[in-house]
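Please read through the structure below; I'll follow up with questions.
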Amino acid sequence: MMTLAQAEQVIAAAKEKSKAIDTKMNIAVVDAGANLVAFARMDGAWLGSLDIAIKKAKTARYFDMNTGSIGELSQPGQPLYNIEHSNNGLITFPGGVVLKNASGEIIGAVGVSGSSVDNDHTVAEAGSKAL
Amino acid sequence: MMTLAQAEQVIAAAKEKSKAIDTKMNIAVVDAGANLVAFARMDGAWLGSLDIAIKKAKTARYFDMNTGSIGELSQPGQPLYNIEHSNNGLITFPGGVVLKNASGEIIGAVGVSGSSVDNDHTVAEAGSKAL
Amino acid sequence: MMTLAQAEQVIAAAKEKSKAIDTKMNIAVVDAGANLVAFARMDGAWLGSLDIAIKKAKTARYFDMNTGSIGELSQPGQPLYNIEHSNNGLITFPGGVVLKNASGEIIGAVGVSGSSVDNDHTVAEAGSKAL
Amino acid sequence: MMTLAQAEQVIAAAKEKSKAIDTKMNIAVVDAGANLVAFARMDGAWLGSLDIAIKKAKTARYFDMNTGSIGELSQPGQPLYNIEHSNNGLITFPGGVVLKNASGEIIGAVGVSGSSVDNDHTVAEAGSKAL
């Protein structure tokens, strides 16, 4: 079970990484039920990334994989084309990463948005390693 | 008219097939009015597939064809491009199959989600043959 | 953690009670994350009760109490007036009951709709006792 | 302009007050644009209060007053009857409080949900005093 303390650790690590690479991010953490536990929008981060960060976290937990992996499958002509229309809107480009506890169980996910998708993923991954 | 007993038969057959091919599925059955009759989420199945299974069942009944057939027509440049925006969200990749009674009348549809789209379709078809 | 087998037990017990008191119900079971696990609409049950049953189950888990208890507090002039506008719609009259495992932990909720609210609650409670 | 550091101060003060009065809260902070800046769900807090806390914060900023004050005006027969239908859902009972900077300008709002509305308001007010 995800605790608020764990979610705050993830956000703190993500914020640190975001500053280290000179970006401004929205960072969301959801629990195993895909419900929000904690959120932070850094000063000057894109407003539209607020919802994207939350949707990335949910999407990663919905399918227990990085959001970018789903995005490869949802392109035109690919097996999951337009899957984004489900679940009140998915975001399927990089920046959502699952969160595991010490025993390797998935306990939620983190979603990051505010820069290039590569940077978003880098920051999300840094957050995920805080656990 | 679809009965709950019929819907439960469909779900039981789909669950059996799902186990036989070692997958974990969300399975939804809708009636001729495209309204949910029965649903089951197998232990450990993807959470995001809950909504997708229901949307696949509805999509199949909305157009009385397998969801994958609609997906071929909704690609960029094709006649039904982005039809997924209608009806509060369609899912147009494989895994939704119409349900017919003994006399061949369409009485609803089954939607399955939780694995590859080929597996989803295989399980949905197994469910549809239970009637 | 709620298993599908547990959810099916709850639905079976609710169906049995529903038949015993000569009613036709929609029955929904959600897990601890308020996500649907299983659903059944009995033959001839009100179509509009489909969504109500699901919302009752979610509402009971959202606040870890029977839906009717919330409804007393959401009346005009009461402390939670119009709480129903949250969470994409709550249903706060009787028929939603929390589900506990053998050790007394809340693992989800059942929602029942299709008759008088007294009958709905009776059937939901019968379902909850199956665990 | 609300900074993330300010929002985190508000949440920290609200969490401290929540623990002091032995409650478990969802706490949301929005900026002057009524957009989420930071959020925290304390361990064991009601899941349904997640959305309510965010809606309370937005409601307080939408009208620059405590949510409870709006609730008095939205009762049957009162001037703002059923105003809750606007803005994708308002919450108009206590627990949402505006946030002001040192010069008295409104820079956002805090919303708290998870206990009685009196406790929710007490915790929100404690949060608001952190600035």
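By written order: A, B, C and D. Residues from 1 in each chain.
The criterion applied here is as follows: a residue touches a chain if its C-beta (ideal position, glycine included) is under 8 Å from a C-beta of that chain, and two chains touch if they have at least 3 such contacts.
Going by UniProt, the chains are A, B, C, D = Glycolate utilization protein.
Predicted model only: the values in this text are computed from it and were never measured.
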Which of A-D and A-B has more C-beta pairs touching across its chains: A-B
Relative orientation of copies subunit C (Glycolate utilization protein) and subunit D (Glycolate utilization protein), as a Cα rotation angle in degrees, nearest 5: 90
Separation of subunit A (Glycolate utilization protein) from subunit B (Glycolate utilization protein), taking each centre as the mean of its C-alpha atoms, in whole Å: 29
Rounded Å distance between subunit A (Glycolate utilization protein) and subunit C (Glycolate utilization protein), as computed from the means of their C-alpha atoms: 32
Centre-of-Cα separation between subunit D (Glycolate utilization protein) and subunit A (Glycolate utilization protein), whole angstrom: 25
Where subunit C (Glycolate utilization protein) touches two or more other chains at once, by residue number: 33-35
Pairwise touch network: line, ring, star, complete, or other: other
Subunit B (Glycolate utilization protein)-touching residues of subunit A (Glycolate utilization protein), taken from the complex the two chains share: 33-34, 58-59, 61-64, 76-77, 79-83, 85-88, 90
Subunit C (Glycolate utilization protein) partner contacts - residues on subunit B (Glycolate utilization protein) that touch it in the complex: 3-5, 7-8, 33, 35-43, 47, 50
Residue ranges of subunit C (Glycolate utilization protein) in contact with subunit A (Glycolate utilization protein) within the complex: 31-35
Interface residues, subunit D (Glycolate utilization protein) side, partner subunit C (Glycolate utilization protein) - complex: 46-49, 51-52, 55, 71, 74-76, 82, 84-85, 89-94, 116-117
